[in-house]
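Shared between the two complexes below is subunit A, which has subunit B as its partner in the first and subunit C in the second.
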Partner chain A sequence: MSTKPFRPDVDAPEYKGKYAPYDIIREGTIAVIVVGLLVVLLATLFGSPDERAITIKTWSNANPIDFATTALGEMNGSTITAQYGGPYNTAAPGQNLGPLKLAQWAGVTIPVNTVRDFVINPLSSVPNDPDLKLALAQWKGANSAQQTSWVSNYSKGAAKMTWSHGLINVPATNVGPVPTIINKLTQMARSGALDQALVTGSGFYTTNYTKPLLFVADGTYLANLAQKQHLLGSQWGMMNETGSYPGQAWLWLYTFWYQVTPFSTSSNADVQVSALMGLLSLLLLLLPLIPGLRSIPRKVKVYRLIWREHYSA
Partner chain B sequence: MSTTEIERQWTTRLRKRAAGKLPPEKLLPDTQPAYVSSWIYVFGVTTLAALSLVILTGFILSIRGPQWWHSSSIGHFVNSMHLWSVEIFFFAMIVHLWGKFFMAAWRGGRTATWMTGVVTFLASVGAAFTGYVSQTNFDSQWISTQAKDGINATGAGSIFNVLNLGQMLMWHIVLLPLAAVLLTAVHVLLVRIKGVVPPFEEKTGATK
Partner chain C sequence: MAFLWSLAAFIPLDNYGHYIHWGVINISVANFIVVVLMIMTFVAALLLPFPGRNRRKGNQ
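What follows is the complex of A and B.
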């Protein structure tokens, strides 16, 4: 009768030593009480952060020019969302992992047309405004080339955009209804109506904030506030939260890759970092099956510290 | 009904199989090997204790809904307890994971125990992340709008929309906690079935 050779990194020796009393219920109860007291202590001493969410209303009142510039960007296709690609639109192929165009293959499943969804549709819900009604009729009655021409002409003067007496002013000509549209949208935003229009566009009940979040993230207001809270990607933002709290410290490795080359300079960093973390997670999962890696614990001998009483006996 | 017929029942067979694998003295042991006497073992039970507090505080937050804690001092305190129990949970779980790595705790047919532990960790990362984007405050606005790019780049954003509060909240309070708790239960049962991994046997040449 043959026996398989003992593999020290796979097999465990049969324990024939002593046993000690062990009260598992008592141990569990004490653990819950101690951890519970620690949680109460930490919650009492440090609390938890709750920075109020910004709204399009607060954004457009705090910085109407940034809001109007973003709104214009949604119309001329220069914002992040307008140029995003999947899952929102087909404006870009999205990132690729070598030959794998994962975002493109996944397709457009959350369609967002920035002109329609962020500008024209919300304005169309405004009642009793003859000037707006006329501007929207002019916009909708024009062909695509005419619309592009108006927006392009307006965009050329956007660098000199000013805000005075409650109006956005841009020195530009042959711009059709664009100034009215931008001003009416800014007024709508400052009143708070745009916040509601963006979430209720698909009905009374909703729990989906995709559109207002995309719109807000296209401006600089949100990012500027985040920078003050040290939340930018370059500031290890993904794992941080507002205030001096530990945040998602367990994401440190995921965030770390974004800080170093080649990822920090790669246009495909997101998919590359995700793939790398997926690979590392797989290695961790399959570690017991990987020769070499599974021998590390035996070779580094940290186990002698852990079981020092056993080895000193 | 004959004895043979009873013996063939699925219920009887399952009970016998479960009792054979996990008799009461293994499920609730009153002794343990003498080598189980290191501080590192504390972190396993600390993880379980913290998880129970995460679930308990989550239940309390659920009673009044996702925005209660913004307007109630009691709600804010419960949210703070939820946050700190999560922080302790992850701290203890990561120390536990490193400890088990240095013990090579997968030895002796314990590969499934290791794997369920790793998957529990990954599910917990997802549960915590979906919690962060469901807070309905500035943090959730910023984290979700940043995280969308990483998820969208993999194609997963086509079905997992981090900007959809309703979807994220469902993942946070139903799907991922359920996965984490079930995986933890399987993990603990595997530990009870297989026992705590013994030390390396140095005398037999297991180490150089």
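What follows is the complex of A and C.
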């Protein structure tokens, strides 16, 4: 008869000691009740309040110049959304993992044309405004080169943009209908109508906030608020909460990678960090099957500290 | 519940948080306290004797 050699990480020796009764149901019930009470108590004491949502209305009223500058950026294609690539457009290759062109393979699944979706279409829904109607007709009647020329000329003066008497003023010439479009969009935003138009653009009953969120994120207003609350990615923001409330401390490893090279300087950081965390999670999941790693608990001997009564007997 | 809310009002958490910077590490004081408490709970779970140890000994 052949005897297989004893494998310390896989085989368990036969237990020949004494046995004692143990009511695991009672212990488990007590643990669930105690932890449940602790969760309710700590959530009441330390649960962070829901901050009021930042809308385009609040943004454009707080900082109309930032809003108008961003709206112009949506028209001249210089915003993050306009240059992002997949899943919104084909302006950039999007994120990839080494040779795997993940964003390109997925394609444009949420098409966003920033000029059409953020500016022209919302303005087209405004009723009873002859000036706006004329400006939109002039815009739509012009060819692409003419539109680019108007926006380019307006953008050259945008650094000297001012806000007075409810109007955006930019010192620029040969700009066609662009000043009217930017001013009407700013007025629409300040009234709250743009928030509504961007949401209902994909149907009357909808909870799809993709477009207003992208628009707000293209400006500097939201980023400045986030920076004050330590919520930016570069500030370990993933594990922080608003105010002084405790946050998601368990996300420390996920956000840690974003702080160190090569991830902190990579344009593919999201997909790289996700892949790395997936690999590390897989290692943890398969720990009992990995020689060497699975020996660590046996060699560290923490179990002898927990069951010290047994081992001291 | 009203008592808990009044108790929560004694802990001012709505102001901007304080943060600990150490090299690349940047952690809020609130998160740091939570992490320290978790480590202390883990160490306590290792070192404290099992509840009911004496009773079980008496039964043997």
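Following the convention adopted for this analysis, the second predicted complex is superposed on the first by the 311 of 313 C-alpha atoms of A that agree within 3 Å, B and C clash if a C-alpha of one lies under 4 Å from a C-alpha of the other, contacts with A are read in each partner's own complex, and residues count from 1 in each chain.
As a convention for this text, a residue touches a chain if its C-beta (ideal position, glycine included) is under 8 Å from a C-beta of that chain, and two chains touch if they have at least 3 such contacts.
Just so you know, these numbers come straight off a predicted model, no measurement behind them.
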Larger contact residue set on subunit A - subunit B or subunit C: B
Check whether A:Leu231 is in contact with subunit B, with subunit C, with both or with neither, and answer first, second, both or neither. first
Please work out whether A:Phe46 is in contact with subunit B alone, subunit C alone, both, or neither, and reply first, second, both or neither. both
Now for A:Val260: first (subunit B), second (subunit C), both, or neither, which partner does it touch? second
State whether A:Ala20 touches subunit B only (first), subunit C only (second), both chains, or neither. both
Between subunit B and subunit C, whom does A:Ala249 touch in the aligned arrangement: first, second, both, or neither? both
So, does A:Val302 touch the first partner subunit B, the second partner subunit C, both, or neither? both
Of the residues on subunit A, which ones does subunit B touch that subunit C also touches? 18, 20, 44, 46, 48-49, 229, 241, 245-246, 249, 302, 306, 309
Going by the contact rule at the top, pick out the subunit C residues touching subunit A in the complex. 1, 4-5, 7-8, 11-19, 24, 26-31, 33-35, 38, 46-47, 53, 56, 59-60
Touch list for subunit B against partner subunit A, complex: 28-38, 40, 42, 45-46, 48-50, 52-53, 69-70, 76-77, 79-85, 87-88, 90, 94, 99, 101-104, 106-111, 114-115, 118-119, 122, 125, 128-129, 132, 135-147, 149-159, 161, 163-167, 169, 197-202, 204, 206-208
What residues of subunit A sit close enough to touch subunit C in their complex? 18, 20, 41, 44-46, 48-49, 228-230, 235-236, 239-241, 243-247, 249, 252, 256, 259-260, 302, 305-306, 309
Going by the contact rule set out above, which residues of subunit A touch subunit B in the complex? 6, 8-15, 17-25, 27-28, 31-32, 34-36, 38-40, 42-44, 46-54, 84, 86-87, 94-95, 102-103, 105-107, 109-110, 206-210, 213-214, 216-217, 222, 225-226, 229, 231, 233, 237-238, 241-242, 245-246, 248-251, 268, 270-271, 273-275, 281, 284-289, 294, 296-303, 306-311, 313
